[in-house]
Each structure stands twice: as C-alpha cells, then as structure tokens.
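Each of the next two complexes has subunit A plus one other chain: subunit B in the first, subunit C in the second.
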Partner chain A sequence: MSENGSGKGPERQIIFEDVSKFYGDVLGVNRVNLSIPPGITSLVGPNGSGKTTLMNLMTGLVRPTRGRISVLGIAPDQPEQLFRRVGYCTQFDSFPRGITGYQFVYSFLRLSGHRHAEAHDLAEQAIERVGLTEAAGRKVAAYSKGMRQRIKLAHSICHNPSVLVLDEPLNGLDPLIRAESIALFRGLAQAGRHLLISSHVLHEVDLISDQVVLLSNGYVVAEGQIHSVRDEIQDHPTQILIRCNKPAELASQAFQQDCVVEARIHNDGMGVLVKTRDADRFYLMLNHIAQNGINIESVAPADADVLSVYEYLVGSEESTK
Partner chain B sequence: MSPQPWRMYSSQLWAILRLELKKTLLARRGFWIYLLAFAPALLFAGHSFVQLKTGRTGDIGNDTHLFAGVFQLLFLRLSIFFGCVGIFMNLFRGEVLEKSLHYYFLAPVRRQVLVAGKFLSGLLASMVIFGSSIVLQFFALYWHFDSNVRQDYFYHGHGLEHLAAYFGVTLLACVGYGGVFLAAGVLFRNPLYPAVIMLAWEAISGFVPQMLQHASVIFYLKSLCPVTVPAEILMGKGNLLSLLAVNPTPASAPSAILGLLILSLAFLVLTGRQVRRMEIDYGTE
Partner chain C sequence: MAVHKRSYRGYSGQLTPLWTRFLIVTRYGFENVFRSKLLTALFVCCCFFPFGCAVAIYLNQNVQVLALLNIHTMFDVDGRFFFHFLNGQLGMAFVLTALAGPGLVSSDLANNALPLYLCRPFSRVDYVVGKMTILVALLSLITWAPGLILFLIQASLAGASWTIANLWMAGSIFVASGIDILVLGLLSLALSAWIKRRLAAGAALLGVFFFGAGFGQAINAVLSTHIGSLLNVGELMGSVHVALFRVSSRPPIPADLAWLSLLAICVFCVMLLERKVRAYEVVKG
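Right, the complex of A and B next:
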C-alpha cells in the first residue's frame, strides 16, 4: 500500500517539524515536533502555554521563526489552497463591521469562490447545524457570547473542511449547546476529519479527545492517547479505584502485596483506592483476591485522566492556572 | 468549483468589493471625508450666490482660473490627499484596529488578490465621492452665469473639455494617492507620519531635481491639469501658496498618465509583498 493510502503519509497528517515561534524576545512555542492523525486531538495547557500559537502557526496567521509545518501536505503560507481544506474557529471575538450572522458565513463562502445559490445553501446548512437559523438575519454585534461562538463555528464548518481547528470552542456555550457541539465534533471525527481543539477545561478534554498534546510554557511535554501518556509516567504510582462490598477487607489484602505502595478506603466508603507501581501484576492478584468472597463491582484507573497526567508532568500549580 | 484561476480571482474580487464598499462608503466615522470632498463645491456655491445677490456679472475667464486654483491648492492637495489617507489607510489598518482582518486571512484568497480587491474598493469609493464632487463643483461655480453664457462655455468653449480633464485628474489622483496610502496603511501604525511626510514631499517636489519629481503624485497631476494657475492672480507673486501651483517642467499627458500608473503599481506590488508576509498579532496594537 502506498504511504498515502496507509493513512500515515504527509497528505493525511498535520506535521510540525522542529517549529519555534518567538514574538520578539517572548517565546511562543519552542522546538515542536508533532504528527497529528485524524480524529480529535486536544491541545491542553494553561493560558500562555502555546495552544493558540500552535493553531495560528498551522493556519498561517503567524509564521514560524524556525521549522516547517504541513497541513495535509499544504504549507500554511498558501491560504488559497489551505483554507479549502481547513476551517478555523478562532478565539478572536470581533467581526467585520455591520455584518449579520448569515452574511458572515455567506460572504466567507463567496470569498471561497462559491456561486450565490451554492453559498446560500451551504451557509443555511451550517447555520442550522449550530442552531442559529432564527437569529441569522440579526447583526452579529447584537449576539450574545454563546451565539457569537456558534456563528464562528458555523463559519468554520460551512465549507466541509477536512481539518477543523477550534480554539476554546465551548467557551460561553450553555450546557445543552455544549453537548450538541461535542456530539457534532464526535460526528466529524468519526467521518475521518482532523479536529484540533484547544481547551483549558480538562474534564471536557477527557470527554472528547482521541489524543492529547500537553503543553507547558511553549514546550510540548507529552503527546498521544491519554492512557499511553499515563503509562509512560513511571515516577508516579498508578491509582486504581476498586468498588466492592468489603472495602476494608480488600484494602487489607491489597496492602499485603509487594507491588502495592498504598491502599486506602475511598472517601465515600464504597471502595478502595490503590496505588501500585505495577498495574498489570496488581490486576492479576486482584483476580485471586476476588475469589476470597469479596464481590468486586468495578475496577477503573483513577488517574488516567488529563488533569492527573498534566499535574504529574507539569505540576499542580500550572494545571490549575 | 471552477479550477480556472482568473475566474476564481474575479469572483473573489467581487466578494471583497461587496464587503468593503458598504464599509467605506457608509462608515459613520468617514463623514469628514465627505465634508472635505464637498467643501470646494460649497465654496463655489457661496461664490455664485454672492454674485447673484450683488447682481455682478462674473467673468468666465476669471472663474476658470479660480477653479484651477481651488482645484490644485485645495481639492488635490487637501481634499483628495487627506480623503485618500482616510479611505486607503483604513483598508488594512482599520481592520487591524478593529481586530477583524483575520476574517479575510482565513479565507482561501491569495493575499495579493485581497490587496487588489481592497484597492479597487477604495478606488471605487474615492472615485464616487471625489468624482461626484468635481462635477458638483463645476456646476456650482458656473451656476450664476446667464444660461446663454453657460451654454456657450460648455458646448462651444472649453467647458466640457475642462470638466472631463478635471474629472480624469481626480480619478488619477485617487489611483496615485490610493496606491501610496494603501502601502502606508500596511507599513505604518500611525497614519499621521506617512501623511505628513508625503504632504511635505509633495509640497517641495516642484523644486527638487527633475528625476526626483517623478516620485511624487502631484507632479503628474499638475502636468495633467487643463488650466495653469496664474499665481499672481490668486495669491500674489512670491506667496508660498502660489509656489505650490508651479510645475516648472510638466510631463506630457501620456507620460504623466503612464508615470502615475507605474508609481501606483509599484506601491501596490510593495503592499502585496508586505501583506503576504503579514501576521495577525492584534495583541501588540
């Protein structure tokens, strides 16, 4: 099979090769090397960690000081090709003066070269997808924060791009629209598209991401599927939460195992939180423990989420900023 | 979608024009440009009104010289000059200040096409404003003459010929200053500096070596004006303002038009190169 056909060729990936960006003396990002496959990739990090800079770099809004970027084989300094395949929902909350929601999307499609009828249909479809049909004729200046966020989303998806770059796309949305937006992102990712999403709300990232890129102070500190990233962190024991009918007995038995460094009853008294340096071995032992009359209801990793991983890698101070 | 690039470019140019024209022509904060553009027409209307009120029969020759003076010293050097500062410098600079330029930068449009589209929209807006002003000025000035005298001047004299020439110079002034100030809007953050530098350069351009005169817009425009301003009539000999109307070595009409177009094109190419490298960094504004 050809490289392209295998789904790993440069025409199928977003590639950053040794990319650095400095704003004068201020570091934006430094020495970033990434290959981003299709699916939802979340950029995670506190404010100023370089998330928006990475997004602006891959869409050509800023230029790298050093390095090379390729988005599905297209260089970001070729907007005429790039934005036929890329949609970018930015954090900029400003719009052309006096424009309505419909005009905002329609004019973009006309700029893309679509004829009137086609642009009209595509604009209406995109606006409908974000649930703004009724407000489409109103001026964007009169929109609420959530509505502005949704019209930007409609603008970024209206031309059915293969790559969707979303900078804090859930900001300002109410819970219902938030859930609908997440469903929309999942649907697009399942259709084989690239979605690059930045968020500093880590539990949201857990919900939607196929893979994560963890950033701190302009550096990529880890990347990949969150469980794989967690497995790589050796200096923090794995935490496992076991729900069972006899937590005290289970804690006592677990503590006798040499691979367990800590076993304590969970705050709600309905389970045991175990810290182990060898999760695979512990799971094997758990099978034996379960045969001694303890009814185990569930076993789940307790720290294989983005927040925990980020805290382990960067420190709790950074992750809560 | 059509793969033919020129068809695509023209469709994109129309889309840019549609977006920009409304913004430029109907901007509330651009009201001063209309005032500046139509001030000479008000001046001439006042002149005609006074002539009619006092019952004086004017001299068409004198008024033709009056028009030439106001056109060169007020309309070209102030109205069109600062009007173009307001219109063309805002095309990019205004969008950076309003933080909306990324809307264009996120569309599949070549940056050079964007520059061309913005320039055309500025040109169209300035031509509408200043072109209509020059026509209005002409009729405001000659309105107080007897209809026979007026008809004789317009249809049997040089009236229409002069009007066409002034109209043409006005359009070329928009092309020339438009190119310069579009580039200035991309290169400078503060519009005051390039405007003052350009104003000073245009003022002294009549006295610099001939080679350097070709690098000023006013040199070409003065060469194309149909009536030379008799400095001693308007301001008195030796007056500083009268010196502004002097064009010691005028260029021929074809070379003046060509020279102006080349000058404007050079600034457009410079703008295109600059915009191609431009980054969105509203934070530093």
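Right, the complex of A and C next:
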C-alpha cells in the first residue's frame, strides 16, 4: 500500500524543537526549530555553520544540550529503532584497513543485525545501485575519490532506510557520476523518503532540493522552498531577466516605473536585467509593455537560486564580521 | 512542498540479537590482527612455553622416565609452578598486547571512522567491548586457556586426590589471568584512543610499564618506602599473583592494596575511553 508522503504527523516528519548544542563553550547550533517533510532537503552554510552538528544530532551521534528531536516519531537516543530507518553517509573517508567494497557494505549490514544471506543480497543490491558492481571485489584503498563516495553511499542506503542523511555526498564526483547520483537521490525522494543533504555545490543544491535550510554560525537563517525564502528577503530587490527583441526600449519603459530600482541591458545585449522591490507589480506592468510592440521571449527570476539567497543572507553576515 | 508517494518498503524482518553485534567488530579485528606476520609468528611462539610445560608435566608423571633418571620427582606441580608459568606467559602477553592493541582504536579515530560504527544500532559500549574482546580472546589463548589445559593434564595424570586438593589453582589461574588481561587490554585501548599514532601508542604502553617501574623504584629509594611500587603495574600484578597462587614470597605491596590499585587503573582507563570514544571530536583554538 502506498501512502501519501505529504502527511504532517510527527511520524512522517523530522522535527527539531528549540534544539541547541554546545561543545563546552563552542557553539554547535542554537535554537533550531525545523519540521522537515519527505523529499530532498539541503543544508547550506559555510564551514562551521552547524550542518554536520545538525546531522549528528538527528542521528543521535551527538546529544542536544537543550531541546527535542524526533525522527519519524523516534527519538535519536533509541538507536536500535532509529537506525532501522535512518542511513547516514558521513563526510569522512574512513574504511577499515584492507577491506573490499563489498565487505565494507556487508560487514556494516551485519552490524545492523542482518543475517548472512540477507546482508549479502542487500549489499549486492546497494552496490549495484551506485554502479560499483565491477569494483566491489577490489580493496577500498585502491578506489578513487568518486568510488569511495559511491561505496559510502551504498553503505548508507543498503538497509533501505526511510531517512537518508548525506553529508557532502557529491564531493569528489565527476560530472557523469554526479548526475547519476543526483538521479539516484531524486528516485529515493520520489519514493517518499526523507533525504537530508549538505553541500557546498550550490547550483546543484538548486537542482535537486525540494527545500533548503540555510545555516550560519549555528543559527538557521532561512528555511523552506528556495523561491519562498527569496520572496521573504526584503533588503535585496528581486532581479528579473527579460529576454526581448528591444531591450533598450524595454529598459527605458521599465525605469519609468517607481517599483523598479535598476534596469540595465544584459551583457549579451539580448535582454534586460531589472531589479524591483515589488515583483508582482512589475509582472503586471510587464503585460502592458508587451502590448506596446515589444516582443518578450522569456521572463525569469535571476536571483531566486540558492547561491543568491546564500550570498544575501549568509554572505552579508560573513562580511560584517 | 513536494508531494511524494511513499512507494518504498523498509526492511521489517528479523534482526540478530543486539548483544551479539559486538562480535562483528571482533571478527574483523581478528582478521586485521592476524594479517601481520610478525604478530602471527609471535602468537605461535607464545604456544611454545605451554607446550614445553605440558611435556614436562607428562615426563614428571612418567614412571619410566623418573626411574631412568633415578629420581622420585622432577618438580612439584603446585601453586608456584603455575605462578611461574603464568608470569612467563604474561610477559609474552604484554608484548603481544603492545603490538596488537595500539592500532585497535587509534586507526578508527585517526580516520574519523567512529560515526560509521555508531550510525548503526551499535553503541559506544558495544564498540569498546568488541575491540576489547579481540585482546581478551587473544590473551586468553595464551594465558588461562593453556594454564587450565596444563591443570587438566596434571589432574588426569595425578589422580582425583590431587585434583580435589588443588582445585583452587584452576580458579587462581583463571582469576589471575583475567585481571591481567583486563588491565593490559584496558590500558592498551585507552592509550590507543588517546594517541592516534599506532607506534606512539605502543611505545606509551611500554612506557607505562617500564617508566612507571623505574619511577616507582626511584621513589622507593629516595623516600625509603614501598609506596613507589604502586606505580609499577607489573609489580601490582605480581602481588596479586603471589596471593592467588599462595606463593610464600613476600611482595612489597599487600595484595589487597594491589587489587585496589589495579581496579583504580581499570576505572581510570574506562574513563579515558568514555571521554575519547565518541562520534565527534571538538577541536578548539
């Protein structure tokens, strides 16, 4: 029986309630409140912003100093139940000495409590999913960086978890494997799983995420779908790129509107980049302009991506330090 | 918000009992340990002395051999015999621990591998027990296991009256070996957890024994006391052995104080492990 994945009950969500973590006098994360639904959620933030701490907290590897965490209704301090449903791919390359790719996945399945035959089948399936079947019998020490990432991914998905926590899973992957991995993430998310991904590759975060959590200095500075987050940033005018046949005329007309703060011809001369504090009003106005003989080919937000939002929210904080 | 159909089916079958999972770590640890030819060779060497003792016990009970040598008995198989046997084997056990122990935790910590273990239904206690079991099994095979085999050989040759009169020695062999294995294992794991370089951790274990002994002797000499012997882990073990095997020599430290000191060392090692064996490490400064 398939269930609708948009359920909002605590047994379908990952919930952080006023969670803080201090490592002695070092701040990990502070006052985090999050409800993470199924789908791909990306954690974005500079080094030391608390991404890994947040992941460690929800997998029970670190206990919160304050607050409560629930992963699909399970507290992280119940590892026997939690890790039947959670898979964690750490950012570190760490493999027991002399072990092969297959043994790596198989041995940790045994550690999860699977018997030999099941562990063997599940290990082979997971290795096949990450495209490492041919290299499974080789020692991990001889693997490339990308192969190590993939075998770690196989290790985290092998027991078919409902929640996947992936710390920098795209690091070191070449473009082809990266695309395959993203497709794999998409497939896992479409099956109704929760995927929590931390990444520095912001344009890929944009491509794969259903929602983002932006972190800075241990605080959540924004969360939600990237477009919603962008809409709530009032300090920075929205940038809109309009492709048209008469960019100079469009720029002139756009600049006469009081909601437009800047209008300039795009570098390639084939469009206008408009900055506005009221995007909805500008779009209405654009309808009138289109009726005045300007042929508009496309209209698209130019800064409603993670990189821009990241720079607006986190970059400004970094620069004020 | 994205809406996804939940089409996957998680594993809902039976799992192995939680208490047996530490054995997975032990099994893979054993494979690693015996990958070293030096260690394997040393382990084989550790079996020579028990084998020699077994032959000696057999000859000691063989009437024809005794008649040939024209003696009533070559030696007495008593507490002193097992005391010396165990001391000899513990020397080998110490070298084995110094080679096998330091790499057990340090390599995982150096590679930040603990989250790998702990992001399974597997606790820090399971991890330490799994690693400790490697040393316990390894050292048991060269201490109390051959000791008890020697006891059984002697018992089978000497008859029921000897066995009943000396049954306490079997207990002593087991308890003396047990406490030594515990101290050696915990010390080795604690040093392995705190010193990330395998060689340095091995050197530190040697240092604890030899530097502690030297420092203890210096204190004894300067202050004209025996209190410095508390720093000598080997002597502490020796005092416990003397009491357990009812050997007549008088150790510098009373047995009960030696017991307490060894217990304190174990507790301290557990505290060190508790502090270091964690899924994360905070680097300040």
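Note that in this section the second predicted complex is superposed on the first by the 309 of 321 C-alpha atoms of A that agree within 3 Å, B and C clash if a C-alpha of one lies under 4 Å from a C-alpha of the other, contacts with A are read in each partner's own complex, and residues count from 1 in each chain.
Definition applied: a residue touches a chain if its C-beta (ideal position, glycine included) is under 8 Å from a C-beta of that chain, and two chains touch if they have at least 3 such contacts.
As the structure is a computational prediction, the values presented were derived from the model and not from experiment.
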Legend entry - Joint occupancy of subunit A by subunit B and subunit C, clash or fit: clash
Inset, instruction - Please work out whether A:F92 is in contact with subunit B alone, subunit C alone, both, or neither, and reply first, second, both or neither. - result: both
Inset, instruction - Give one of first, second, both or neither to describe whether A:R63 is in contact with subunit B, with subunit C, with both, or with none. - result: first
Inset, instruction - Would you sort A:V26 into first (subunit B), second (subunit C), both or neither based on which partner it touches? - result: second
Legend entry - Contacts of A:F83 with subunit B and subunit C, given as first, second, both or neither: both
Inset, instruction - Report for A:S112: first if it touches subunit B alone, second if subunit C alone, otherwise both or neither. - result: both
Legend entry - Touch count on subunit A, higher of subunit B and subunit C: C
Inset, instruction - May I ask you to decide whether A:Q211 touches subunit B, subunit C, both, or neither, giving the answer as first, second, both or neither? - result: second
Legend entry - Contacts of A:Q225 with subunit B and subunit C, given as first, second, both or neither: second
Inset, instruction - For A:Q190, select first, second, both or neither according to whether it touches subunit B, subunit C, the two together, or no partner. - result: second
Inset, instruction - Starting from the residues of subunit A touching subunit B, keep only those that also touch subunit C in the other complex, and list them. - result: 23, 56, 59, 61-62, 79-80, 82-84, 88, 90, 92, 94-98, 107-108, 110-115
Inset, instruction - Mind listing the subunit A positions that touch subunit C in their complex? - result: 2-6, 23-24, 26, 37-40, 56, 59, 61-62, 79-80, 82-88, 90, 92-99, 107-108, 110-115, 118, 122, 155, 159-162, 188-193, 210-211, 225
Legend entry - Residues of subunit A touching subunit B in the complex: 23, 56, 59-63, 77, 79-84, 88, 90, 92, 94-98, 104, 107-108, 110-115
Inset, instruction - Would you pull the subunit B residues touching subunit A in the complex into a rising list? - result: 1-2, 8, 11-12, 14-16, 18-19, 22-23, 27, 95, 98-100, 102-111, 276-277, 279-282, 284
Legend entry - subunit C to subunit A touching residues, read off their complex: 1-11, 13-18, 21, 24-25, 28, 32, 35, 107-108, 111-113, 115-123, 279-280, 282, 284
